[in-house]
Each structure stands twice: as structure tokens, then as C-alpha cells.
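Two complexes, one shared chain (chain A), two partners (chain B, chain C).
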Partner chain A sequence: MTRSIAVAVAIARKDLVAEWRTRELVPALAQFVVLALVIANFGFQIDSRSAPAIAPGVLWLALVFAGLVAFGRAFAAEREQATLEAVLLTAAAPAAIFAGKALAAGLLLVLCEAVLLPALALFFGVPISFGLVFAVLLATVGMAALGCLFAAMVAQLRARELLLPLLTLPLWIPFIVAGGQAVQVAMGADGTMDQALKLLLDFDILFVVLTSLAARFVLDD
Partner chain B sequence: MTRYLGAAGGAVALMLVAAALIFFFAPTDALQGPVQRIFYLHVSAAIAAFASFAVVLVGSVLYLWRDSVRADRLARAGALVGVVFTTVTLVMGMLWAKPIWGTYWTWDARLTSTLVLWIIYAGYLLVRRLAAPGRQAARFAAVVGIFGFIDVPVVYFSVDWWRTQHPGPVIATDALPPEMLFTFLFTMACTLMLAGTLIAIRYRIETLLDKQPLATLVPSPLPPSGAALRAAPPPHRVGRSGEVKAP
Partner chain C sequence: MSAIVAESVSHWFGSEPALDAVDLVVERGDHVAVLGENGAGKTTLLRILATALRPSSGKLEIMGLDALRERRRLRGRMGYVAHAPGIYGALTAEENLAFFCDLRGADRARVPEALELARLTQVARRRASELSRGMQQRLAIARAVLHDPLLLILDEPDASLDAEGADLIAAVMNGRTAVLATHDQALATRLCQRTLTLRKGRVLGQGSRLRIVQ
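The block that comes next holds the complex of A and B.
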């Protein structure tokens, strides 16, 4: 168990160091999420009255598509260098390797959220509360688990860019439903934050357990 | 071969009997009029779709557990039939909704989750198409098949969990008069039998396809170049289930 954790941390550290050295993904994604807000402004004709109704949707749309890119990239470098096979040939458990990849990709998405949330506060007047940040982080956990599982799968397929959103988005819907509820509550809608957070936590547990069980079948080939 | 023809003929005949019951035996609904007759096939098709996806789940788990090619074929057959019945459910529901609700579609919890179900299993079929035939396709599809089944209880319980416009269960609540109940139960049994027959036939087709050499199934995207053909070793036959046969 401690060995698996050490493997996961080592893999995550490797991915984060690689990202720190190139600094490709996070700046590009940060720019993408800000650009998504600009596009939303034109698409929805946002003014100060309509902003509270539209902001939750914009947040999750930007986050979901940034997530798709982040998780897709998690396995792209491994594929280009054919390093995944080498890592899999070691004695490390595939589930631990997968956890490390998901951890690193999730942390990179958190960095994007650190840009997205202040940008939403600035441009859309979303109040950044503790509950809202917590909801986004909880959603990131489950989204990273599912996103990396299917990213690992499509990295080995033809037409991978096409298939990743098709497989991932339907299963992300629970996080968007509960996360959207959390943002609406934060912006003054009816309902309680606790209920949304509890739902997010339930789905996190479900999908983290399921993906760690399934990782073996996706990676070990 | 004749066995499958007989089963298919029997299933079609039963569906015709069910159609006769729906149109001539079941009474016309007092509020909705003749449109209500869609209900019998709509709900039956939904249940048949759930059952087909349950077949996918069982086949997928068995495949990952036992590496059984048969279980994988069963999952393949179930997914295709399930997508067909989900399509029937959605189309029938939309035809009913237009006169009753005044719109073909509303973003209701049950409608949305059913549409998501369709998308998930259409994705399952796409994975099968895009993965390398054999072990990889079977494994990846099995993972999608297991994750996708999470949506089936969501569709089923959506009328309890959210406020929805979709009518709730009518059987358990004893809301149907006996003629309607009989027609519904008969149609449901026939539809389930039709789904079973379709899965059996598709299973047979998948078995035959597995025995075909790969080259005849997947056309190469590139025209073979003369030099490459001359340099290439004699062709090996690769079945869809992945085994390589020497020429």
C-alpha cells in the first residue's frame, strides 16, 4: 500500500516536473478559460442582470472543456515518447501508475481553476466563497479520475481526440449537476450548499473506487 | 439457421398480436385519447433497453473476470440491441409528448438521462469500432459497458429523485384498468422476447464475424503500395478475437 502511494507520488511528481520545465499546458489552458468567458459574453449578450443566471453554466462549460484538454494531454506525451510501456513494464501496479497520472492532471486543472474562479469573480460578479471553491475542487477529483481513465483508453485508439469527449462528458454530468447547484446556491439561489457538496462527495467516492478497479484493464495490455 | 428464422418469425408474430391488442382490445384513454396507445410500446421498449444493457453489464463483467470471448460477444450483441430499443423509446416518447405536452422535447430528468443513456452506449459501439479488434476492443468496451450502466438506475429512479413532468410508474400504483394492464404486460413480454431473439441473432452474427479474417472487415485507409506488398511477409490471418493463424 505504501509502495503504491510512493509510485503514485513519483509518477505525479514526474508529470508536474515535466510541466514545470516546458510550461506548456497550464498557461495555454489559463488563456483558454479566459477566452471561454469572452466567447460566453458574445454568445449570451451578458449584462449585469443576466450574469448571475448564466455564470454557473459558463463556469462548468469552461472547466469541462479545459478538463478534456488537460486529461487528454496527460497521456499524449507518454504516447509520443512510447514511455507508458516502459513504466508499465516495472513492477508498479497499474492502478498506482494511473493514480499518479490522475493526481498530476487534476493538480494542473486546479491551477487553471485558480485562474478561472478569480476571472469569473471579476467579469461575472461570482462571489468566491469557501463552499464554492470546495465544490469545484470536489468535482475536480471525480472528473480527474474519470477523465484520466478514458484518456488512458483513447490514447491507445484511433481518432482519440474525437472519442475522449464522447466517453467522458456523459459520465461527468453528475459533477456538472451538483457543481452547478453549488454555484447557483453561492449566487443566492434556493437550496443548500451541504446537499450539493454531499452529492459531489458521493460521486467522487463512487468513481474513484470504480476507476481504480478499472485502471488495470485499461493500462495493463 | 432455420432455428433463428423460426425464432425471428415467432417474435414478429407475437409483436403483431401485441399490436392487435394495443389497437383493438385496450380501451381508449379518457383523457389522452388514442395517443395513449403509444404507452404500451414506449414503456416496453424502455424495459427491453434496460434488459439489453443489463446483458452488456453481465457480459462485460464476465469478460474482464474470465477473459471469455463468448461473454464479450454477448455484450456486443446486447449493446447494439439496447441502442435500438433506446432509440425506439425516445422516438415513441417524442411522438406522444407532442400532442400531450405540446412539445417534442423538454429537458426533463427522465428524458435527459435517457438521451445520455443512448449517447453512452453509442459511444460503446464507437469504442468497438475504433479500438484494435480483439483483446483491446473487448477490454475497453467492457470498461465503458460497466461505467455506462450507472445511468440505467438513474433513468429508472429519475421520476422519484427529481421533479419531472414524465408520468411515474403506473403498474405498482395499480392505476391501470385490467384490459390496459393485460395489454401492457403482454406487449412487454413480447418486446422482451423480441429483444432476446435479436440478441441471440446478433450473437450468432458476431460469432461468424469473429471467424472472418480481419482484412475483409476493416478496409485499409491506404492503398497498398507495390514495393510494400513485395517486401511484406506472407499474410497472416488475424481473426477479430485476436488470434493469429499462420497461412
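The block that comes next holds the complex of A and C.
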């Protein structure tokens, strides 16, 4: 167990150091989410009454598409450098390798969220509460697990850019439904946030366990 | 006990056979050169031996372990140098080796020794993307022996290496069982006692060092 944690940490650290030095992903994603908000700002007639109804949808759309790019890159970089095979042949547990990749990609998406949420408050004038941030972070965990699993699955295929959203988006719907509900409540809609957060936590546990078990078959076979 | 026993190992890519019923026995400490033209099946055979690829059929036993069932245990005992160096360009040479030490559970104290062996100490803190192709190849060779493996699988490690690089290959093979794929007959003669020649996925012949010279 300790060995697997050490492997996951080493993989995540390596990915984060590589991103820090190359700055390939995060600046581009940050620009993308800001541009998405600018377009939404001009595309919708936003006033103080309509903003809380529109903002959650815009937030999840921006997050979903930023996530697809972030998780797709997690394995694309390994493919381009022909390094994945060297990593797999080290005898490290595939689940630990997968966990490290998902952890790094999830953290990079959190960096984008750190740009997205203040920008959302700025463009839409909606409040950013602790509950909203917590809901987005909870959704990020499960989305990272699923996104990285499918990114690993399609990494060696020719039509990977097309297949990744086709495989991932349907399984992200539970996070978007529960996360959307939590964000709507955080922005003033009726309802309770606790139930949506508990649901997000349940989905996180379920998908983290399932993807860790599936990682062996995806990465090793 | 032999280091490698392959019985009737075959592999198909679609309907094309890349390897056709290859038999191979490598004794412990032996150095075997795999020779053949491009497309003969050398890389496929070496990837199967390195457990990077499952054969379509046949039996494979490495170090007394079933190579199809106990792949993870085997990977801890062997080192593999692929045709492409497969190193992280954004990390330094030193960081590349330290990262693989972490994955293998090897002591990071082995990194300076491995850099010295590959004559990369002077460029240890340079990003791998800034190293020449030959230096990257030497880094990949150093990485393959970080955990002191019993068996080395080397797929054309001499590609892009200079004369000193051949000495590095000799140094890492010394004291280990090794299977080396190469186009360089002189290198095969110098480093290996036996050869296996492939053509279109089939074994054309197996021979000794004497036969290569002839």
C-alpha cells in the first residue's frame, strides 16, 4: 500500500513538474474558460435576475470541456514521448500509475477552476460560496477518475480526440446533475445543498473504486 | 534452469504473422544476438520477452516464471531498452533516473552511479529534451539497469550511439543474461556468444559466435 502511494505521488509530481516547466496546458485552459465566459456573456442577455439561472449551466459546460482537454493530455504526452511503456514495465501497480495520472490531471483542472470561478463571479455577478467551491471540487475528483481511465483507454487509438468525449460525457452526467443542483442552490435557487453534496461524494467513491479496479485491464492489457 | 524458454511463440498483427512459432532457449549468463532485416520480427520478439506484448500463442517461461501470468514479478527482474529512448524531455537526466528509481522502489543513491556509467554526469542537470539523441539513448540504457536486473532485453540500443556507446552496452551486459537485437554484425560478434536470425517472423537459424564471423 505504501509502495503504491509512493508510485502515485512520484507520477503526479513528475506530471506537475513537467507542466510547470512546459506550461503547455494550464495557460491554454485558463484562456479557454475565460473565453467561454466572455462568449456566454455576450450570447445571453444577463441581468441580476437571469444570471443565477444561466451561470450554473455555463460553469459546467466550461468545466466539462476544459476537463476533456486536461484528461486527454494526461496520456497524450506519454504517447508522444513513448514513455508509457517504460513506466508500465517498471512493475509498479497499474492502479498506482493510474491514480498518479488522475491526481495530477485533477490538480491541473483545479488550477483552471481557480480562474473559472472568480471569472464567473466577475462576468455574471453571482456569489462564489464555500458550498459552490466544495461541490465543484467534489465533482472534479470523480470526473478526473473517469476522464483519465478513458483517456488511457483511447491513448493508442487513432480517433482518440473523438472517442474520449463520446465515452466520457455520458458517465460524467451524474456529476453534472448533482453538481449542477448544488451550484444552483449555492446561487440562490430553492432546495438543500447537503443532498447534492452527499450524492457527489457517493459518486466519487463509486467511480474512484471502479476506475482503480479497471486500471489494471486498461493499462496492462 | 534456463533464463528464457520460448516454445512455439507466435504473434499476429491482424492477419499478418509477425512471429511464427519461434523457439528459443537462453541459458543464464548467455548473451544472444537477434539478427534480421527490417520487419523480420526482432522488435516483436523482444517486446514479448520484455512482457510489453502478449504473444498470440505459444509458451514463454522467463527466470522460471510463466511470462504470461507473472508479468509484474518478472518486470522487477528485467531491464528493457526499447527502440525509442522513451524519456521525459521536461525532466533533467538526473530527474528521469530518480523518477524511475521511485517507480521501481530502487534507492535514489544509484542515480549518480548510473549517470557515471552512461557518462552523463556532466549533463545530469540538463533537460533531457536538450540532450543529443545519443545521450538520450545512453540515458535509456542507464535507466534499464537502475534496479540491477538479472536479464536485459536490448532492442537496437546501438542506434545513434558512437563507439563509446558500444562500450556502455558491453558494460551493462556484463554479468547479466542479455538478448540484443541489432543490425550491427560486428557488435553482435563482439558482445554475444549466440545468434538467432529471423526472417519474416520465422527462425532462419541459430548459431554461435564462430558462425557469425564465418
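Methods note: the second predicted complex is superposed on the first by the 221 of 221 C-alpha atoms of A that agree within 3 Å, B and C clash if a C-alpha of one lies under 4 Å from a C-alpha of the other, contacts with A are read in each partner's own complex, and residues count from 1 in each chain.
The rule is short, and it goes like this: contacts are C-beta pairs under 8 Å (C-beta built on N, C-alpha and C of every residue); 3 or more make two chains touch, one makes a residue touch a chain.
Just so it is clear, the structure is predicted and the values come from calculations on it, not from any experiment.
Of the two partner chains placed around the shared chain by superposition, chain C is the only one that A:R21 touches, whereas chain B remains out of contact.
Applying the stated contact rule after C-alpha superposition, one finds that A:L149 touches chain B and leaves chain C untouched. Here chain B and chain C are compared by how many residues of chain A each touches, and C touches more. In the superposition on chain A, A:L166 makes contact with chain B only, while chain C stays out of contact range.
Within the superposed three-chain model, A:A6 lies in touch with chain C and out of touch with chain B [touch as defined at top]. By the touch criterion stated above, A:D47 is placed in contact with neither chain B nor chain C.
When the two complexes are overlaid on their common chain A, residue A:Q81 makes contact with chain C while staying clear of chain B. Using the contact criterion defined above for the overlaid structures, shared-chain residue A:D190 touches neither chain B nor chain C, since it reaches no partner. When both complexes are aligned on chain A by C-alpha atoms, chain A residues 221 touch chain B in the first and chain C in the second. Considering their complex, residues 50-52, 54, 71-73, 75-76, 80, 82, 84-91, 95, 99-100, 102-105, 127, 140, 143 of chain C touch chain A. Those residues of chain B that touch chain A in the shared complex are 64, 116, 119-120, 122-123, 126-127, 130-132, 135-136, 139-140, 142-144, 146-148, 150-151. The residues of chain A lying in touch with chain C in their complex are 3, 6-7, 10-11, 14, 17-18, 21-22, 81-83, 85-93, 220-221.
Put simply, chain A touches chain B in their complex at residues 146, 149, 153, 156-159, 163, 166-167, 170-171, 173, 206, 210, 214, 217-218, 221.
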